[in-house]
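In structure tokens below, several structures.
The two complexes that follow have subunit A in common; it is paired with subunit B in the first and with subunit C in the second.
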Partner chain A sequence: MNYVVSFLAMAIKFATVFLFGATGEIINQKSGHLNMGTPGIMYFGALGGTIGERIYLDTVAAGQPLNPFLIFLVPTLFAILFGAIGGFVFSFFTVTLHCNQNVTGLTLTTLLVGISCFFISAINKEGMSDAGLLLQNAWPGYKAAGWFGEIFLSQSYFTYFGVIVAVGAACVISFTRVGLNLRAVGENASSADSAGIPVQKYRYIATIIGGAIAGIGGAFYELDNAMGMSFEAADGIDAFGWLALCIVIFSLWKPAIAIGASFLFACLSIAPDFFAPYLGAAGFVTYILKMAPYVATIVVLTVVSIVDKKQQAPANLGVPYFREDR
Partner chain B sequence: MTIKSLVKKLSLPFYLTKRIGFSKKKYWAIRAGGIVLAFLAAGIVCTCLKPGSFGEFYVQMFMGCFDPTDITIFVDLLVRFSILLLISVILIPPFKMRFWNIGAEGQILVGGLVAGGIAKFAPASLPNIVVLLICLAGAMLASTIWSLIPTIFKAFFNTNETLFTLMMNYIASTLSLMMIYIWVPTGSQNFGALTHGIFPTILGNPGTLAVAFTAVIFAGMYLYITKGKHGYEVTVLGESVDTARYIGINVKKVTIRTMATSGALFGVVGFFIVCAVNQSFSATIVGGQGFTGVLIAWLGHFNPLEVALFAFLSSVMTQGTSRVHMPSSAQFSAICTGVFFFIIIACEFFSSYKISWRHNEKKEASV
Partner chain C sequence: MEYIRLENISKSFGEIVANDSISFAIEEGEVLSILGENGSGKTTLLNILGGIYRQDAGKVFIRGEEAVINSPKDAYDYGIGMVHQHYKLVEAFTAIENVVLGLSRKDLLKAYSRFGADLAAKKFQSCSLKESRKYVLEMCNRFGFVFNPDKRVSDMAIAEKQSLEIVKVLFRGVDTLILDEPTAVLTPQETEHLFDVISNMKKHGKTVIIITHKLNEVLRISDRVAILRKGQFVGIVPTDLATESSLAEAMVGKAVDLDIHRSDIEHTGPRLVVEHLTVRNREGRETLSDVSFTLFGSEILGVAGVSNSGQKELLEALSGLARDKDGSIIFHNPKKNRPVTFFHKNVQQVRALAAQGKFYFEGGEPCSLVGYSNKQITELVENRKILFYENEIIDLSRMKPLEIRNYGIKLSFVPEDRLGMGLVGSMSVIDNMLLRSYRKGKGRLLDKTKSRALAEEIVKKLDVKTPSLNTAVSKLSGGNIQKILIGREISNRPKIMMVAYPVRGLDINSTYLIYRLLDEQKTKGTGIIYVGEDLDAMIAITDRILVLCDGKVTGIVDSRHTTKEEIGLLMSKAE
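This part shows the complex of A and B:
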């Protein structure tokens, strides 16, 4: 029982990283822009988060207690800023300069992973592991609620914020005029343009907001899971970014489904490490579990393309829009 | 406020038009400017990270690629360049028919895995050349299968190939880790140095022979892309699927054939990387070159000669910057390579669009 509880609690924590990345990327892709820079942007957000935490820790006088909410808030604001910068660079190149999205995204990932690794390793990490532990104190008395508390109330502010952002994004995309316009831009940019929707503006804003949200995911991983201790531990943030891209497809471009999908992918990601000690000779099974998220994504992608062509990606995904081309 | 003044207020001070019939001279002038700027930018990045090292940076970079006293450094560069060139050129046919194959990384890795596995377990009694040929055949077969899986779904169900091939990369990488786990009982992350089924070391580098073979494959690909009937069919298909169908091209057949060809050739690349360059196998052996190849093929406008130029410049950039004395040189190299590609991408814009300023237009109108 204890084992299941700690597994689920850990999975939810891990899912938060995916959820931010996937929600950001869904907003991005709904505007018709496939941003393969997301893994890099998540890493860049981690750099922003680390800088933010350093600044906060430096302002607190020695011996003074740290405020868990501020440990969440200050790095998050920095991560949003850094993620937004990453998103802006991507949209400047793809929207204004009409560059190929795949090429720009891959380059952005190379550049941002390089920059983030370089600077994160240079930042003084003193006090960050204590701050990382404090992050989980969103509900200090969670142990009183038994297994429910252990699983759902032991999480950090980031997790609750992530769910709020995903639900908010789902509502905006499905139920508001802005969301309708955004979908129109992603499905058919020239029709949207004729209907008077400012295509470029929508694409810019969607990419910047998407980048900002993805950046928070990277910061959360760096500050909580890796506890800000070593940058080697955070080496895999770009790998989570690619998994976030899988989740976008897996959840059929719907942020609400992405919440469940993130949890599922998180379970599959942490299961190998949880089960490894019990497998013995069958240790290769852990690799099959690691493969599962990608295979599942491919299955969803192909089944959707065979069964219902309309449910696939936004129709204009990856297509640059230049008015003169019409 | 009249509508006219509102429009005036909202519009940008410039507008864009697509360039048509752009002279080759101007095009290359812009590109050359971009390349110079990109190399300058790398120096500036270096100076920012380590003040006062601007001149030193270029000296170290030059010596890291073309050191006249040490031929092996230049051979290293040639080997790096050959692998990158092969990957980029093999990606040209799929890209030309607008099949966005970003799965080169995985397709090469699977070929390398099979080649490495055969070399590792081949009986020592077999002659080296026979083992090498079996490795080559196995690698080509594996990579072909790996690249045909997404292709068949694309051809028959129009499944999004960008996302599919991207997923296949990660499956290939996990599969490699699993096979290493099964085959290497010590728990090491690689196969260890292969003793059988390897290329001879010439000029201090085991990859030298692969460079020679690359030249042959490049020449073949150049003819295939620019002169052959297959290359023509691929070009038409990329321009317009309907046109291709009207002139009697079997779209499904061409798609599958092109991807099978490029898959088989990726097997050769995997074979070179494992049996020649590294003489070992690990899951990170391709090291992102599959993605860099995508960038280069696109920036070279699918023209094999232009692709060769960019592959060379990129190799110089990567190898040169990784040998500059910096605290974390791998990351520094990644930053410089990223800046390099961004500037070239930006140049792309200036050579395909024309910026016209609105105040010029007004003057022209009044004259």
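This part shows the complex of A and C:
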């Protein structure tokens, strides 16, 4: 029982990184932008988050208590800023300069991973592991609620915020005029244009917002999950970014489904390390188990391509739009 | 009263000058036709008015004031709405979602009040889809549209999509409606309905601008007609003072012969014998039932029917694309007294057929090939010494599309999807020629010299307007694309040709050129199956007409002794 509870709690926590990444990318893709820069943007968000936390920690005088909510808020704002910059760069190249989306995205990821790795490792991480522990303090008395509290109330501010963002994005996309316009831009940009929707503006804004959301995912991973300390030893955040791209397809471009899908992928991702201590001599199996999320990705892509007869993907995904092109 | 005035509008795409300093005025409340050949710049000019293109030079004045139109939204703000030839609808959305698309709350409130909402009486007016639906339906009542708000665009027929486009534009409260080739894809009945809609809009005080090249429509519906030729403005005349031939002459720049020529020649025996052909679609429903007919060589057989009566399925079945089919399709390969080749046969097959007594030697003596070595047979065939006694009879019903093609049975152009099935839009004229012949080259490398020669020949012979042979096909106008496609298909001497709606959306010159090419092909012995919708033209060009109704053949009539009414009756004769 204890194992189950702590496994589920860990999985939910880990799902946060996927959820932000997938939600951000869904917003990107709904506008017709296949943004493969998202893994890099998540990394860049992690850099922003780390800078934000350093700044906050430095403003608090030694010996003074830290405010858990501010440990969440300040890095998040920085992550949003950095993620938005990433999204802006992508849009600038694809919308304004008419560059190919795939090439731009891949280049952006390579560039941002390098920049972020370099600067994150250069930042003084003193105090970050204590700060990371405090992030889980959203509901201090969670132990009173038994297993329910352990699983659902022990999570960090980031996790609850991620769910709110995903549900919010789902509502905006499905139920508002802005959402309708956004979907139209991704489905058929030239129709949207002739209906009077400013296509370029929508693509810019969707990509910037999507980048900002994805950036928070990176900050979460660095500050909460890795607590600033084990960063160099951890898997690169970009790896989770690629998985987030797959979750987008798996959830059929619906942020609400992405919540469940992120949880599923998180289970697969943490299972190897979680069960490794119990495997004993067979510990080498973990290396094979670690392939699970990637194998799942291949399975998901295959199944979706067979089952998805209705073509859930936005029809103009990856298609550039310039009004005067013939 | 003068309403919109264009002054010295110019627009170029690269080296192509689409509009060359065009000036004229549009009156308020009139129906104006813009007439011109393909590539004459009609669509470009109106796209400038509709906000899709920005002019390089020149000015637009609306009610005497200069109007700056930078986007479709600006155009709406000036009360100008455009229905494009290729509809600008989001397929995955419902009708009502498409109508309100891109409208802000302010726009919606304006639209509501235009169509009966009393905004002052209500404290808060919701702008939900439910509210919008109410006022869109109210508007449709006013203009006489049938409108199903919850139907998905992808489930709509073409005429429904068009009326949705018009509803969408009208709901935005436009005073001027631009229709780009509105009748190109409509049946005669749907066209009639559209004309009713247009006169209804005129009654409501709207200005309607129609881009077209169909002379009879111009005369029928418009008050005045403006004529463009090669990007230049030729003139504007009241329709009362115009005739079909005067308009054609103004449009083309020289007198045009509007007669369709049909050569009266003997047919050369059966070419394709279809018996009891039944085709089922993916869901297992019969789309063709028990179709039997014979196509002769040197004959054009028309296929008439209302849309979706099985025309497409028939062509697909004959070309091997339909999988689930019964019945026989027998091809009589015209080989009588012609040399045996290795094109479809290997040495063993030649030997087997010779043993059955199918061949004779050049001199006339029978040839059983008994006792000949493979090498000797190869030599004889290559030197064309062995000839057929009779036409070769081949069953096509179980063959793959490629094998069927290799017998010279060409499914040529389905213009609804000219670029999809016929040509690759982003490839050059030369490379599109290569698509048919790339298998033939020796070695691994592509041989472009022949393709270049063929492309040159087609461009010259059919007067294709293209900046160069390396221009991507998608950059050319519809008529020129069609010419390239038909030119390529004719070039390798087909034995059977299937054409579907070959002149849909084409200008006069291209249309008559295509009719001439088909007739010429007929005199060369080709059997042609012609699927079309313009019954007058079909009666004029074909020898016989097969009428389909709901997948069944309701009659085969002689074109020389039939009437439109007789065919119309057969088209609706469901059992």
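Simple rule for what comes next: the second predicted complex is superposed on the first by the 286 of 326 C-alpha atoms of A that agree within 3 Å, B and C clash if a C-alpha of one lies under 4 Å from a C-alpha of the other, contacts with A are read in each partner's own complex, and residues count from 1 in each chain.
Keep in mind that, in the parts below, a contact is a pair of C-beta atoms (placed from the backbone, for glycine too) under 8 Å apart; a residue touches a chain by one contact, two chains touch by 3 or more.
Keep in mind that what you see is a predicted model, and the values were worked out from it rather than measured.
J.: Identify the partner contact of A:Thr302: answer first if only subunit B is touched, second if only subunit C is, both if each is, neither if none is.
T.: After superposition on chain A, A:Thr302 lies in contact with subunit B alone.
J.: Among the partners subunit B and subunit C, which is in contact with a greater number of residues of subunit A?
T.: B
J.: Which holds for A:Leu245: it touches subunit B only (first), subunit C only (second), both, or neither?
T.: Only subunit B is touched by A:Leu245; subunit C is not.
J.: Regarding the shared-chain residue A:Ala192, is it in contact with subunit B (first), subunit C (second), both, or neither?
T.: second
J.: Touch test for A:Tyr287: subunit B only (first), subunit C only (second), both, or neither?
T.: So A:Tyr287 only meets subunit B here.
J.: Applying the touch criterion given at the start, work out whether A:Lys201 contacts subunit B, subunit C, both or neither, answering first, second, both or neither.
T.: In the superposition, A:Lys201 contacts neither subunit B nor subunit C.
J.: Now for A:Gly114: first (subunit B), second (subunit C), both, or neither, which partner does it touch?
T.: first
J.: A:Glu324 in the overlay: touching subunit B, subunit C, both, or neither? Say first, second, both or neither.
T.: both
J.: Contact-wise, after the overlay, does A:Leu106 reach subunit B, subunit C, both or neither (first, second, both, neither)?
T.: First partner only, subunit B.
J.: Just checking: does A:Lys143 make contact with subunit B only, subunit C only, both, or neither of them? Give me first, second, both or neither.
T.: neither
J.: Shared contact residues on subunit A for subunit B and subunit C?
T.: Common interface on subunit A, subunit B vs subunit C: 324.
J.: Please name which positions on subunit C make contact with subunit A in the complex.
T.: Going through subunit C, the ones touching subunit A are 13, 50, 52-54, 71-73, 76, 82, 84, 87-93, 97-98, 100-105, 127, 168, 172, 474-475.
J.: Enumerate the contact residues on subunit A facing subunit C in the complex.
T.: Touch list, subunit A to subunit C: 177, 180-181, 183-184, 187-188, 190-198, 315, 323-324, 326.
J.: Quick one: which bits of subunit B touch subunit A in the complex? Just the residue numbers, please.
T.: Within the complex, subunit B contacts subunit A at residues 16-18, 49, 100, 102, 153, 157-160, 162-164, 166-168, 170-171, 174-175, 177-178, 181-182, 288, 291-292, 294-295, 298-299, 327-328, 331-335, 337-339, 341-342, 345-346, 348-349, 352-353.
J.: Would you pull the subunit A residues touching subunit B in the complex into a rising list?
T.: For subunit A paired with subunit B, touching residues are 34, 93, 97-100, 102-104, 106-108, 110-115, 117-118, 121-122, 242, 245-246, 249, 283-284, 287-288, 290-291, 294-295, 297-298, 301-302, 305-306, 309, 312-313, 318, 322, 324-325.
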